Every structure is written in C-alpha cells, then in structure tokens.
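Pasting a structure here, questions to come.
So that you can tell them apart, the chains are marked A, B and C in the order they are listed, and the count of residues begins at 1 in each.
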Amino acid sequence: MTALPLARRREFRLGTGLGLGTAVLYLSLIVLIPLAAVVWRSTDGGWGGFWTAVNRPDSWSALKLTVLASAVVALVNMVMGTIIAWVLVRDSFPGKSIVDALIDLPFALPTIVAGLVLLSLYGTSSPLPVNLAYTRVSVGVALLFVTLPFVVRTVQPVLLELDRDMEQAAYSLGAAPATTFRRIILPNLAPAMISGAGLAFTRAIAEYGATNLLTGSIPLKTQVAAVNIVGRIESDDPTGAAAVSTLLLAIAFVVLLGLDLVQRRSARHG
Amino acid sequence: MARLPLRVLALLYLLLLLVLPVVLVAWRTFEHGVGAFVDALSTPNAIHAFAVTGSVAVWSVLANTLFGVGMAVLLVRHRFPGKRIVNALIDLPLAVSPVVVGLALILVYGRFAPVGGWLERHGLQVIFSLPGMVLATIFVSLPLVVRAIVPVLEELGEDQEQAAHTLGASRWQTFRRITLPGIRGALGYGVVLCLARALGEYGAVAVVSGRQVGQTQTATLFVEERYQNFDTGSAFAVATVLALAAVLILLVTKLLRRKEVL
Amino acid sequence: MDAVQLKIRTVTAVASLVLAGPVLAACAGTASSASGDSGGAAVTLSLVAYSTPQAAYEKLIAAFQKTGAGKNVKFTQSYGASGDQSRAVAAGLRADIVALSLEPDVTRLVTAGLVDEGWNSDQYHGMITDSVAVIGTRKGNPKNVTTWDDLTRPGVQVLTPNPFTSGGAKWNILAGYGAKSHKGSDPAAGAAYLQALFKNVPVQDSSGRASLQTFTGGKGDAFISYENEALFAQKNGQAVDYTVPDSTILIENPIAITRNSAHPAEAKAFLDFLHSPDGQKIYAGSGYRPVVQGVGGPAFPDPPQLFTIGDLGGWSKVNKELFDPGQSVMAAIEQSLGVSTSAKPK
C-alpha cells in the first residue's frame, strides 16, 4: 500500500474503529446478547433442570419427530434436488427457465402461506383423493416444500462447471451411463449434495409456519419442536422453552460444523 | 442418459409439491370473483395488516442495508481482530429458528428483563409493540445484504479506491463515487432479498407481537388469524397477495442476478 | 443503456411501485394515528379478550362508538387463548379491559395486582355472558350422538382439548363430570365416566378452537364445546350440528377493568354498555347467552338440569381434585393415556 501522510492514517484508524464499534454493537444488541440469553436461561435449573425440561413427554416427542422428519426430508430432497438440478442443467425443454425460477419460490413465500397452500392440496377439502391432514406424513410434506431449493441450488453451479472431458472419455471407453455417473460425476457432486442436504436439514428443524395448518400440530403426534417452543412460551415457561431452543441450536451447530468439515475435506482433495 | 424419465420425474415432483398447491390457492381465492377478492382486501384490518408489514419491512431493510454496506466494507477492506467471530455472528441468524428469535428477544427486551424493563420505565415498549417486531425482522434478515455485497467487493479490488486516496479524496468521497457504484447491482440484489424476507416473516413476529388485531398484526399474522376464525376468504386473499409479491420478487432477483453474471 | 439494463430497470420500477403500496399505507397509517381525531380528545382503550368472541366484540365496539359515551373512543383489540392472554397481560401486555373465558384467568391478574379484588362484587358477579357445554356432531348427526353416554359408545371418536394447556377445556370436562356425578354428589361415578370418555378421545388439541378446527378438518365423530363456538362454526358455513344435553354446566365468562388503566372512566362506560340491553342483545346475536334478563334476541334452549361451577364446589376445589397436574382425576387419566399434564396453566 502506498505511503500515506501520518495524519491521514490516523484518521482512517479512528474511522474504522468507530465503524467497527457500531457494527459490533449492532450485532451484539440484536444477535449475540439475545441468543446468549436463551442459552443462559436454559441453564436456570442446572443440568438436571435442563434435561427435565427437554424430557417432558410433549417436548421430547416433538424433538424426535422434528429431527427424524428433517433427516428423512433432507435425504429425499438430496436425491430429488440432484435430479432436478440435473434436468435443469443437462436437459432442455420449453419453459425450462420458468421452472428454474419457480424453484426459489419456497425461499420467497411466507411460511404461513406455504401452509395454506399445502393444506389446499393435501388437506380434507382437496380436489385430489388424498387427505394427509393431522398425520405425521404431512409434517414431511410441509418440510419437503420449504427445503426444496437447497440441494438444487448447491448442486446446480457444480454441474454447470463440471468438466465433461472425463465423462466423454468414459463413454468412449464403453462405460454405461450409470457407471459413468456413479464413478465420475457423483464424486464431484457429492460435496455439494451433502452441503445442500445439511442446509436443508438445519432449515427443516427450525420450521414453524408451514407445519401448523396441515398437521394440526397435535401434541405428541404431529407437533414439531418450534411449535412446542411457542407453546411453552405461552404457558409462561420460558425456561423450558429456552431449554428446547438450546437443544435445537446445538443440533444445528453440530450439523453446520460437520458441513464445514466436509467442505474443507473436499477442498483439500478436489 | 435416461433423459425422458428423469425429466418426467423432476417435473412431476415439482408439479405436485410446488405448482399445483399454489395454483389451487389462487384458484380458490378467485372462486367467488375478483369483487370478493377486492372486498376481502379492503377491510380495515386487512389494510392495517399491510401497513404494519410495510412499515416493519421498511425499517428493517433500512437498518440491515446500512449495516450490510458498512459491515461488508469492514470485512473486505480492513483488518481487525476477531474477524472470524464477527463472520460467524453474521451467519448465525440463518441457523436459528424464528420462534427462538422471538424467545431470545423476549428474554432481553421483555418487561421483566433487564434491558426491556429499563426501556419500559423510560416509555419505550419493545415486546408486544412495533419496535420488537422490527428487531425480530432485522435478526432474521441480517446476513442477506452483507453476504450479497462481500463477494462483489472482493472482486472489485482496492486499486481504484487507493488511487482516489492518494489523489486526496476523503473516505466519504471515495465511497460515494467509487465503491458504491461498483456494488450497486449486488446491493440491489441484497436489498430485494432482505425485503422479501421481511415481508414474509411469520414465526418471530408471531412470538413478539402479542397478535393485536388492528395494531401489531402483520399480513402473515392476519392470514393465520382469519383462517382460525373460519374466514377463509380473507385468509386466502391476503395469502395470494403475499404469494404474488413473492413471485414478483423472484423475477426481480432473477434479473438482477443475471446482470451480475454479465 | 443496453436491452438487459432497460429490462431490469423497468421490472425494478414496477416492482417498487407494487411494493411501495404497503409502505405508503404504513406512512399514512402512522401519520393518522399520530395526529389523532379532529373532534375532542381521542381516547384509546385496549381490549384483551379470549379468541371466540372476536366477532361479537367487533360489533359491540362499533355499536358503542355510535353512542354518546363512545363517540371519541378508539380501541385496540387482542384475541387469543384465554390462559395465554391472561398470562400475556400479567407479563406486560397493556390492557384496559380484560374479557376472558373463565374466572381463574382473571384471578391470576388479581394476584398479579393488575385487577382489583372487588372486581366481581357487582350484581353480575363479574360475568358478562353465559354459555353452556354442548355435544357437537357432523351435520345430520349420522352416528346419532346426543347424550353424554353416547360419547362413551365404542367406535365413537370424540374431540376435546387438553385441560392442562387449555383452561377453557375444563368447562367441557366439568360438564360431563357434573352430569354423570349428579352435580358432584357422586365423585366416583363422575371419575369413572371421564375415564370411559377419554378412551374415545384420539387427540387432545391445545385449545378449544384448535379442537373445533381439527373436527371441521375431518377428524372425529363428535366434539364437546361451548354453545357459542358451535353456533360460530355454523354461522361460518361449517357443517356441524349440536345438541344441548339435559344436564350440562353453565359456562360463565368474566370481564374486568384493570387497575392500571389510563382511562378508567371510559372503560367503565364501555363496560356499562356491554351490560346494557343493547350490548347484551349483540352478544345474544353472536351466540352468547345474556346475563341480563328480558333482553330479547334469539332464544336459547333451557337444559332441565343445568348446574354451575358453584354446585361442583367452586374452582379451587375442582382444580385441586380434577385438574391438579401432579395428582388428580385428570392427571391419572392422562398418564394412563401417555398425554402430557405438565404445562401448568396454574
């Protein structure tokens, strides 16, 4: 960097310091302190209190349902997302760009509207001969909707950039398409697929609005963790709510940490 | 490689999960004619709900845009200790459930909490009132502007800015005339994403608002409340408006993103 | 400017105009509320109520604002589950008038110092409306469910909410209990009935309205609810019928003015209006039984063996024997069903 007069340099440092201070204050007041308050509150009754709160039949059931459904949904959308990304990149048909734009709809649509939307097609008054209302399957359907874009959008750019020379080489050597896919393309897509699935999972465990209407949020049966947390807030049990919230946050962090490791590993090997 | 079956599978999945449900809601909304649709939207509560959504969105987008630009410049152009922690803090909101956001804000800004109690004694009520809803919306959309600008700032490089400095331009002049025009597209993209997120927020505001009809009820809360009162007409009408806004925003982001690639 | 840029600018301009709508409305909204009304000092009262009478209060407020006393009074309204609303007020939600589903929800506010201890010393004992517990069914009542005994028939699925999360759900349970225990004189028979009843309850929602919506959403053959809820569902096009059992409980809904109200005079004027024949008539039109005699409006059937919470020994006795989360009739039943009892509504 070219030499600047000393006065100028000092002015920059002061300005930077002020800006940084403001930014850190903003982050603290809005993100850091409130989240810390949640974790702090969850320890109100010590470890014992924490586990008692989390172990309450309805909360434990909600957590189990949430984690299980989110995992299943992440896997399903990992497969379907890859297929959709494949079709969007390698195939061409009229209206493809519209389909491409539609994929992001779950990102932009308010979750309560998503709930209403799914209720129309999969609820009791649906024109189709299907009624999933108040079932555990409906939890899966709601989560499939909100996590649809994740894997598609992480795999798509990788597919676009994929060097097709190796594929061509494999074909010319007589490999079947399935073999080529399995041995050449898939390893390149795997990190993106896993990354997308991980993001889908963390999104799914946090979901609140889309599940309420279709599933009925029935305690012990179709209630997800976020709904359970709200129930505990409204029943004047912020400590219990904080405990379940902290557990949810911990699960999300573990997954994100795992994703980070996967990405670093693939960057080293790739 | 098995082109047609894959295409059919993908399109069928999207049809059943995405397209049909949205089309069905739009169809049900207009089942009783456009007149009924407009009537449902013109009730005082509906109008007020849109107004609340609008003002919460404006404030949070403004705050996050100012923060986003400043933070991006700090992250890319400056060195400071604790950068990794700050980076992590910025991305944190993406991993937090909206209802946990609501709980977190109640625990700090609620009436019986330290900060909230102090504010209330000085006349400012945060929870059960608009400021709390703005805070919640800022939280959930925090990373969007920053993360949109950072890659573009990195790509732009410091050369022009440094040249300006050595020629005697003040920091503000450099920023206004060189940095800002460079990140304009990315800024627009980030702002639109932030706006979309703010307009659609439901879980966090549900917890901090007190759901006061005609007072702290956003459009999303309105949809829920009308549905619970068996008034599907109003619920569907506002839901369709929100869905249309979402589709519009999608188109805008699509165009803005394509511009970046060019 | 190339074609793409032009397109982007056009779309962005259109989008901004569309999205500016709510923004402008917001500015207009905040401006008008800041400037206040033109004539006289505008007073704003905050009404915090349970969810079911929302439609009634919207009419009542409009009617009150047409009277002399209500001319310059504006309202903010909040509706939600009775227990949740009560807890919210205790936690800081500003309220001038609280209208809740059952007395203990007001008692909580008395304990919190937010409502005067003498709130129920008037001629109405603090109550504003009545209702009765009824048995609801699908339209046409295909399974012919009309009595408390019918609810325990094998193959009949009954919906009623969880009394440990929904204070209002207690009315439903007390109705059945009181009927089968001969107004509380035979507690063993009452407890046996509740056990048989809950074998037929497949899910317990967290609130009365949620339970009703689960029913209208297609689950169950019958539901227990309040008369005004069943009427509300019917008014809104839901295909339900209901029967008023011969022996059922009188549901009494309390109302009170808070101690920290900034406008106690206007709040009292509103309360007086609600007790007036005009006000009570509006309640009746929305399905609530008036507490004032001879008000006119729709007639409500009189169950021959109506009983009250007083007949059963009062809320403290009932809460202890039937609804204590640790040890009580309902706690035992819920535990045998594997349902949570620990969300303490106190």
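Rule of thumb we're sticking to: a contact is a pair of C-beta atoms (placed from the backbone, for glycine too) under 8 Å apart; a residue touches a chain by one contact, two chains touch by 3 or more.
All of these numbers come straight from a predicted model, not from anything done at the bench.
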item: Of all other chains, the one whose Cα centre sits farthest from chain B; value: C
item: A-B against B-C, pair bridged by the larger set of C-beta contacts; value: A-B
item: Separation of chain A from chain C, taking each centre as the mean of its C-alpha atoms, in whole Å; value: 37
item: Whole-Å gap separating chain A and chain B, where each centre is the average of the chain's CA atoms; value: 17
item: Geometric centre distance via CA averages, chain C-chain B, whole Å; value: 34
item: Of all residues in chain C, the ones touching two or more other chains; value: 88, 91, 213
item: Multi-chain contact residues (two or more partners), chain A; value: none
item: Residue list for chain B, restricted to those that touch at least two other chains; value: 199, 219, 249, 251
item: Residue ranges of chain B in contact with chain C within the complex; value: 47-48, 50-55, 57-58, 110-112, 120, 125, 127-128, 188, 195, 199, 210-215, 219, 225, 228-231, 245, 248-249, 251-252, 255-256, 258-259, 262
item: Footprint of chain C on chain A - complex, ascending; value: 56-58, 123-124, 131, 133-134, 216-221, 231-232, 234-237
item: Residue ranges of chain C touching chain A (in the complex, touch as defined); value: 81, 83-84, 87-88, 90-91, 162, 165, 203-206, 210, 213-214, 217-219, 338-340, 342-346
item: In the complex, chain B residues that touch chain A; value: 1-3, 6-7, 9-11, 13-14, 16-22, 24-25, 28, 67, 70-71, 73-74, 78, 80, 86, 89-90, 92-109, 113, 135, 138-139, 142, 162, 165-166, 171, 196, 199-203, 206-207, 219-220, 223-224, 227, 235-236, 239, 242-243, 246-247, 249-251, 253-254
item: Chain C residues within the chain B interface of the complex; value: 4-5, 7-8, 11-12, 15, 18-19, 21-30, 51, 54-55, 76-80, 88, 91-94, 209, 213, 216, 232-233, 236-238
